[in-house]
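You will see two complexes here that share chain A, one where it goes with chain B and one where it goes with chain C.
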Partner chain A sequence: MMKLWYKQIVSVIRLEMKKTFFSKRGLWVYLLAFAPVALYMVNSVHITRQRQNLVQLATEHPVSRSVFNGIKTGLSRDQVVEKLGEPYWQRTLYHDRESEKERSFVLYKYTDGKNDFTYHFKDGKLTQIKHRDPDTLPKSQLIFATSFQFYFLRLAIFFGCVGIFVNLFRGEMLDKSLHFYMLTPMRREVLLAGKYFAGLLATVVIFTSSTALQWWAMLWQFERGVIVDFLAGPGWTQFGAYLSVTALACVGYGSIFLAVGLLFRNPIIPTVAVLLWESANPFLPPLLKKTSMIYYLQSLCPVTASPDKNMPPVINLLISPTGPASTLTAVTCIVLLTLLVLVLASRQARKLEINYSTD
Partner chain B sequence: MKNDLITLDNVSRFYGEVLGVNRVTLSLPPGITSLVGPNGAGKTTLMNLMAGLTHPTRGRIRVLGLSPTQSHRLFGLVGYATQFDAFPKGLSGFQFIYSFLRLFGYSNAECKRLANQVIEQVGLSDAAGRKVAGYSKGMRQRIRLAQALAHDPRVLILDEPLNGLDPLVRAETINLFRRYATEGRHVLVSSHVLHEVDMISDQVVLMSGGYVVAEGQIQGVRSEIQERPVKILIHCKQPSMLASKAFEHDHVVEAQILTEGSGVLIKTRDADQFYRLLNHLALNGIDIEGVTPADDNVDSVYDYLIGGEEKVSL
Partner chain C sequence: MAVYKQTYKDYSGTRTTPWFRFLILSRYSYARLFQSKFLVLFLAACMFYPLGCAVFIYLSHNIPLLTALRLRSGAMPPIDGQFFNVYCVVQGSLAFLLTTLVGPSLVAPDLANGAMSLYLSRPFSRTQYVAGKMMILLLLLSLITWIPGIVLYLIQAGCAGWDWTRGNAWLAGSIVLGLWIWIVVLSLIALALSAWVKWKIAAGALILGVFFAGAGFGAVIKNVTRTHYGAFIDLMQVVHTIWSDLFRSGSRADLSVTEAWVVLGVTCALCLWLLAKRIRAFEVVK
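Right after this comes the complex of A and B.
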């Protein structure tokens, strides 16, 4: 019997493959999934060029890092130029363009090839020094963690699962082709399992590929040595953790939206309800917090998207999950929640009728 | 022996307040059974109930002893060609049947063999590699029939299977039904045209408004129908002469010349005799332009069969 079920599940997956991977209706899922890859790539290219540009400028206007340390506010422009030489870039800002005497700000830029310094002069005196750090790996890791938890998990994977899993049953009801499966000696539970695995295969492939590419695009801007050191340290573990969280998000959200497609004629309302519940998670009391998928997924993320002092307070509130669950608890809860939803969905599948005229 | 029957015991199905079928009690033996009724009579609902695609609001159904809710057992025995004209996207005729058979658990080689065999049986071998989406209506009808036949079922449920078929394929399909019936299988066919199925049916179930209005051996239904005058419209250039010649025969009970004088509406108790008479008149100089049965549809049969009674027992 198990052999027959296995064969039937594989056959359903094969049939669903085209719909889940290559449906025109599902193109937006790819956009959602791969948009961050494009952004990381553009950012990496931009930073690499900027770095090359700084190196070039440092060659043309050589200044050593130790000299920068000696520049303090209160120095005159002439003193700064005497120590650092001519800036690679300067601009004068006027309060009143009609009278050059009214000028008040002068900006000078210097670089040592890695760091970029901007000096603000007012009335010939240095009043402010702005230092832009080079883009470091820890900084990029934090950006990745934030983007992963607040865009990728909450929006991209969430809506990607809506697009793929809801359509597994609801889409076929609308296309009037669901009866095709119902005319075979296949248990409804087996059909449900086949469709779930088909959706899971598609979402896991699409979204884990995207996670892997985002990771690669994030690292691309760094020198080979930096990358090798990082991977030899926590890099591979973090990478594996992000891939696992991506797959688990597909497992969990997939089951929810498969059930939504079976239980509701109009999936928009339950989808919005789930979205609101997941989004409200940071504001919920601890007990309720543990009834949402995002709580466990965030608990599994290797880098905490920690509150940054420059981030708005609202975001700080959002990204501080209280008492993250242990890995074992998080994985167990996601799997149990998934099984519970699938059992409920299979009970509904048993009662499913083909009545296209009302759909 | 009881397991050879399809039985429905006081089966009703309502869609909210809309009646699908009501209080249907049937016991169908093997052979060709025709479900006949106009659109909305409840034929498709009854077939869907037998196949478990919908569930009865009340009553009990057994197909060869199995409940339709046991779809995993039922569809080993039952093949159902629905009226739904939709197919899984992007599949060719062969892929459609092949994929369907894979869901039965057959091996790859067995699926290929059975798919090719049944596609040949319905005369679609040349088009097997083409996408179903590009098929004509008749071809789609045939591929649905192939799907129902593919796993060699004991019970064939076919919703309007002759719709859209050309005369040659229709004749071949009817022969196929006959062959299945002679092998002791059930062939349950729906139609809204009684004349389409009365020649092939062993038994007939007439439906109207969700109720079974008549059921039994086809001979009984046919004799009921034969006692009823049939209307035939004849377009000709000499309607008065045709009417007077027709009236010389006892079986013609009424002749009505059309107001525009383009023809005559004859009511006869014996259509076969009247058609022979027409041939004779045509050979003797009456220029007949066209002959159309004026009430050759099941609605008029009901009008007659039901009469003032709720149900006619045959």
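Right after this comes the complex of A and C.
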């Protein structure tokens, strides 16, 4: 019997492949998944070119790093030029004539070949110094961790799973094609398992390849030696951890949205509820935190993401600090939750009746 | 009478004035929408915050009660631009959730079931169709946004007196303008996405995605490129910037007020273009 079920599951997966991977309705999932890849690639290309440009500018306008430390706000333009020489780039922004007094806003740019300094002069006095230091690997790792945890896990994979897993049953209802499956001599649980694995395969392939490409695009801006040293150290472990977290997120969220697609005629309401619950996770008390998927997924991430610097202090106070779950606990909890949801969904699938109403 | 004698003939009954024809759609849609108990409950829940604000305004002017509670009248936060800005943020978020619930079912079913030709074969234009559908959202969202906001302003004006009202008349204008901008943008996005994907579930997910994933990806752009360009696709931040300007409260947003207005203008134009492209009496099926 197991052999038959296995064959049936494989057949369902084969039938579903085209619908999940190449459906026009699911193209936006690719956009969600691969937009960060494009962003990292553009950034890496830009940083590499900017780095080369800064080195060239530094040879044309040489300034030593130590001289920059002596530049403080309040200095006049002439004093700055006296210390640093002529800038490699300058611009007068605009003249404000509102208060009958002409005011000039001038920008000067200097570089030592690695760092980029922008000086803002107002009425000839230095009022603001902006310093752009070069991207280092630890800094890029932190940026990757932040965007992975706050965008990729919470939003891209979340909405991707909504799009793919809800569509597995609801989409068939819309296309009025679910009865073809129901007429086959196949147990409903087997159909559900087949559809779940098809969705899982699609999401895992799409999102893990996106994670891998993002990782590659993030590292691309660095020199070969830096990358080799990093990969020889914690690099591969971190890479593996990110891929595993991505796959586990697909496993967990996939099961939830498959059940949502089966249980609710309008899955938007439960989707919003899950989204709000997952988004509110940082503010929940420790016990409630452990009832959300994102807590376990974040516990498995190799680098802790930095909190949002722009968050108002009052809201920052509401964040309840809780230690991460151990790897074993996190994986066990996600797998158990998935199994529980799938068992409940398969029980629901047994009672499923076709109602091709207008969705 | 034999069936063959029932030939087609002109409608001879009274016709609705062309200017108000779009309201017919709204009337029927409300009748359908209010059958949903969840929607009624949600609308009731949306009134909790304005009610709490009204109680707060009343308490902050009730000196005997404050004395009994051993509070000085100055100890209460002032009812000013910041107070109404927070009100806009809270009710604006609820308006967004309400749009996600109601918006997707407005146009998508008509397009999916080929009903557009039935509407447009009558003396009813595409503009009237869009206006009628939009009116449903505008009225529902008004009920939970600027109408309670103006009531709160009037309560405060009644309690604080004429001097406060005269000095803060701009607040009333800011409440109405700020929230109207938001509900118009929400309505246009909901209608455009509903018309574009033709499936109300996908449209709902897409509306959520535009706001949540837009904000998330905007943060990623800011984080990765260390520029403020990500704020352009974060519509929540865009409208918060406009509200902060309208309510004269400090904003820590990454984009200027002019940029925020431009982003909203472009968003609305894009939605109108999508609607003009999708709402047609015919459809080419490939």
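Note that the second predicted complex is superposed on the first by the 278 of 359 C-alpha atoms of A that agree within 3 Å, B and C clash if a C-alpha of one lies under 4 Å from a C-alpha of the other, contacts with A are read in each partner's own complex, and residues count from 1 in each chain.
The working rule: a residue touches a chain if its C-beta (ideal position, glycine included) is under 8 Å from a C-beta of that chain, and two chains touch if they have at least 3 such contacts.
This one's a predicted model, so the numbers in the text were calculated from it and none came from an experiment.
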Practice prompt. Return fit or clash for chain B versus chain C, each positioned on chain A through the superposition.
Written response: fit
Discussion item. Is A:F117 touching anything from chain B or chain C once the two structures are fitted on A? First, second, both or neither.
Written reply: neither
Worksheet entry | Contacts of A:V162 with chain B and chain C, given as first, second, both or neither | second
Worksheet item: Once the shared chain is lined up, is A:F239 touching chain B (first), chain C (second), both, or neither of them?
Response: neither
Worksheet item: Touching A:D175 in the superposition: chain B (first), chain C (second), both, neither?
Response: first
Item to complete: Classify the contacts of A:W215 with the two partner chains as first (chain B alone), second (chain C alone), both, or neither.
Response: neither
Practice prompt. State whether A:L15 touches chain B only (first), chain C only (second), both chains, or neither.
Written response: first
Discussion item. Just to be sure I read the superposition right, which of the two partners does A:P185 touch: chain B = first, chain C = second, or both, or neither?
Written reply: first
Worksheet item: Taking the superposed arrangement, what is the smallest distance in Å from a C-alpha atom of chain B to one of chain C?
Response: 11
Worksheet item: Which residues of chain A are in contact with chain B in one complex and with chain C in the other?
Response: 358
Item to complete: Could you pull out which chain B residues touch chain A in their complex?
Response: 15, 48, 51-55, 69, 71-76, 79-80, 82, 84-90, 99-100, 102-105, 147-148
Worksheet entry | In the complex with chain B, residue positions of chain A that touch it | 3-4, 7-8, 11-12, 14-15, 18-19, 175-177, 179-188, 190, 350-351, 353-356, 358
Worksheet entry | chain A residues within the chain C interface of the complex | 25, 28, 32, 35-36, 39-40, 42-43, 46, 132, 143, 146-147, 150-151, 154-156, 159, 162-163, 166, 170, 174, 266-269, 271-272, 275, 308, 310, 358-359
Response to the item:
Residue positions on chain C within touch of chain A in the complex are 38, 97, 100-101, 104, 109, 112-113, 197, 199-202, 204-206, 208-209, 212-213, 216-217, 219-221, 223-226, 252
